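Once you scroll down, you'll see the structures, which are given as structure tokens.
The two complexes that follow have chain A in common; it is paired with chain B in the first and with chain C in the second.
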Partner chain A sequence: MVIKMKNVKYDRTADLYKADEHRVRNFFLAFLVGGLIGFLGELIIEILINEFHISRSDASTFMIMFFIVFASLCTALGFFDKWVTKFKCGLLIPITGFAHSMTSAAMDYKNEGPIYGIGSNIFKLAGSVILYGVVSAWIFGMIRYLIGVIS
Partner chain B sequence: MTFNYKNVYIKDTSTIAGPYEKDGPLKKYFDKTYSDLYFGEKSFEKAEVKLVKDALVMLMKKTALTKKDIELTIGGDLLNQITASTYGTYSVGNAFVGIYGACSTSVLGMIIGSNFIDDGRCNNACVVVSSHNLSSEKQFRNPIEYGAPRPSSATFTATGAAACLLTNEKTNVKVDCATLGKIVDYNQNDVNDMGRVMAPAVVETLLTHFEETGRSVDDYDLILTGDLGVYGKAILQDYMFNVHDVDLSNNYNDCGVMLYDLEKQEEVNAGGSGPVCSALVNFSYVYDQLKKKKLKRVLLIATGALFSPTMVYQKENINSIAHAISLEAV
Partner chain C sequence: MLLFNSFLFCGLLCGIAQIILDNTKLTPGHITSIFVVIGAALDSFSIYDLIIKYVGGGAMLPITSFGHSLIHGALAATNSHGFVGLMMGMFDLTATGITTAIIFSFVFTLIFKPKN
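Let's turn to the complex of A and B:
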């Protein structure tokens, strides 16, 4: 009981000195940058369809590949983390962030070798995304299937 | 637990700093600085080992001692199995003690060394600590190149190594007394606000120190905490004044705040941290001021957040510890 009072008292003082986060500014910045990447992706798809006459589904695959290569390259060259610091999570949510998380993890562990280093650590951050992506795809697939059976 | 020393002095210190520390206000006090984070090595862990070796070579050069003249080597860092210390101190000294006190390691090492010397068990002891921004980033947080956005209360692990040689020969700087702290738990768990986690440890150690030595704030020219950062420093000052009636507004500062130019170096957020953060300030600037007798008596309180990512993910609190040592110009 005495200990709890001490903690409450301390928290009361400590709460007075909480750092100011520019949440609103970061939110809009991330929204804008994320949206811009989406816009760029759409632009690439449109160009591929209209100029090179490929189907929409193939065009979106090419677009994703382009972003993955571009983001990984920028990570490897050391630009990407500086951009993330500047533009916040707008860069981390699209496919660019996924590629970046894998490349950065691989770079961290390259000194420990291809098996114990890169191989076992490359999914350090991306592993959760893949696992829960697959699980939720299965759940939503089942829901869609069941709706199809019922109607 | 407070110890009074009769016969422990600092013979000399050495400080090696990385590129961010080089851009800070204390540049001219460092013995050697580097402009990149690899120091010619292939990995950041090896780079940290290099820093420790550099600090020891510099210390031996300044004290004119050889590897075999050093009797006891005490080392600690943040890496798993304290590898920077165990690899970096190889062949230096006749005995080795590896310690872990997170960012409080430097003062912890000095207290252990001083106890050995004051008891007459050895004539000299070398304390060396190190940390590397990117090797700790890799170990405690996200991959280095990931660059996840961090809040402004987060601190920045300092890069460097610092060593000091304690001896029983009389010099200008005397180790006067020290208070070994205990682990405190104030129910804190924000990994991005270590200042807030560690300030309670300072409160407990400082009050114990004052009680057991009969001293007060005014007995010191300068009281320095290790790496509380801007927010932790403000919390400590407010809490000490309002709850314990101790005024820290005149002669108190924090090494994490002093190590960097917080306005220009925005990437450091709330200030420096890591075992070497307080050591870089104490073994360079503070030691220099004591030697020149510009400061008469200084209390160094190194603070450590005993933080483990595993325990935080398992919903445990982050405990902290602080050790204090008093240095005097003689």
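Let's turn to the complex of A and C:
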């Protein structure tokens, strides 16, 4: 009985330590990968501005397009999922996560046909982002507009 | 300097999201939705514009920038169209991102065979 209790206690303590270690490691992995993506984004913008002499807003549009195409292509080829399980939020919070969710949803339901498969499921995961983004932007925008009208 | 700020800002957002994901029962879907709402809330008083000015590209990549550009386009359209502008300009700035995502995810889905 005593030995059993000891084992249970030991396992629990070991689990706590393991989980903590994983949390810290996950945080640093997400921080590094997310930071690297942000760094690359700014680098691409500056290269485009200096080499092709286009405006900053155009350059950032191209940069966002590049990341979306890259994430969609990697998801379709099948190795973006492995990276996501490894780095989690480092890849899900940047715009790559948006592209990944759309492409993976479309790939999952591809064999159910073009209309009821791809068409109705492509926004399965990204739909919530668009819905809550639009609703919250409309509410906050209305508040800001009314404040502007009153004052 | 912008490069370093981009690394720090984008990395910190991802790190915060990872902490939320590990310590609560929220799924990545919840977290991205919350971040979009936070981005829209920050831009309703032009705070996110300041962040973009000092951070650059690193602030345009996280999903918070999606909420920011939604409300930014809507407010820009209210200047010329009044109240209806909120609906007219909502997708003005995010149209590139959404259109690119739709077109390329559709094309790549048609071309490549799903694994497993």
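We take it that the second predicted complex is superposed on the first by the 122 of 151 C-alpha atoms of A that agree within 3 Å, B and C clash if a C-alpha of one lies under 4 Å from a C-alpha of the other, contacts with A are read in each partner's own complex, and residues count from 1 in each chain.
Quick note on the criterion: a residue touches a chain if its C-beta (ideal position, glycine included) is under 8 Å from a C-beta of that chain, and two chains touch if they have at least 3 such contacts.
All values reported here derive from a predicted model rather than from experimental measurement.
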item: Touching partner for A:Gly38 - first (chain B), second (chain C), both, neither; value: second
item: Touching partner for A:Lys82 - first (chain B), second (chain C), both, neither; value: first
item: Partner chain in contact with A:Ser136 - chain B first, chain C second, else both or neither; value: second
item: More chain A residues in contact - chain B or chain C; value: C
item: First (chain B), second (chain C), both or neither touched by A:Tyr10; value: first
item: Chain B versus chain C as contact partner of A:Asp108, first or second or both or neither; value: both
item: Set intersection of chain A contacts, chain C complex versus chain B complex; value: 26, 75-76, 78, 88-89, 92, 103, 107-108, 111, 125
item: Residues of chain C defined as touching chain A within the complex; value: 2-3, 6-15, 17-19, 21-23, 28-29, 31-33, 35-37, 39-41, 43-45, 56-63, 65-67, 70-71, 74-75, 78, 83, 86-87, 90, 96-98, 100-102, 104-106, 108-109, 111-112, 114-115
item: Complex contacts: residues of chain A adjacent to chain C; value: 22-23, 26-39, 41-46, 60-61, 63-65, 67-69, 72-73, 75-78, 88-90, 92-95, 97-99, 102-103, 106-108, 110-111, 118, 122, 125-126, 128-130, 132-134, 136-138, 140-145, 148
item: Residues of chain A defined as touching chain B within the complex; value: 6-7, 9-11, 13-14, 16-21, 26, 75-76, 78, 80-82, 84-85, 88-89, 92, 100-101, 103-105, 107-108, 111, 124-125
item: Chain B residues within the chain A interface of the complex; value: 42-43, 45, 138, 142-149, 151-153, 186-187, 193, 196, 199-200, 231, 234-235, 238-239, 242-243, 267, 270
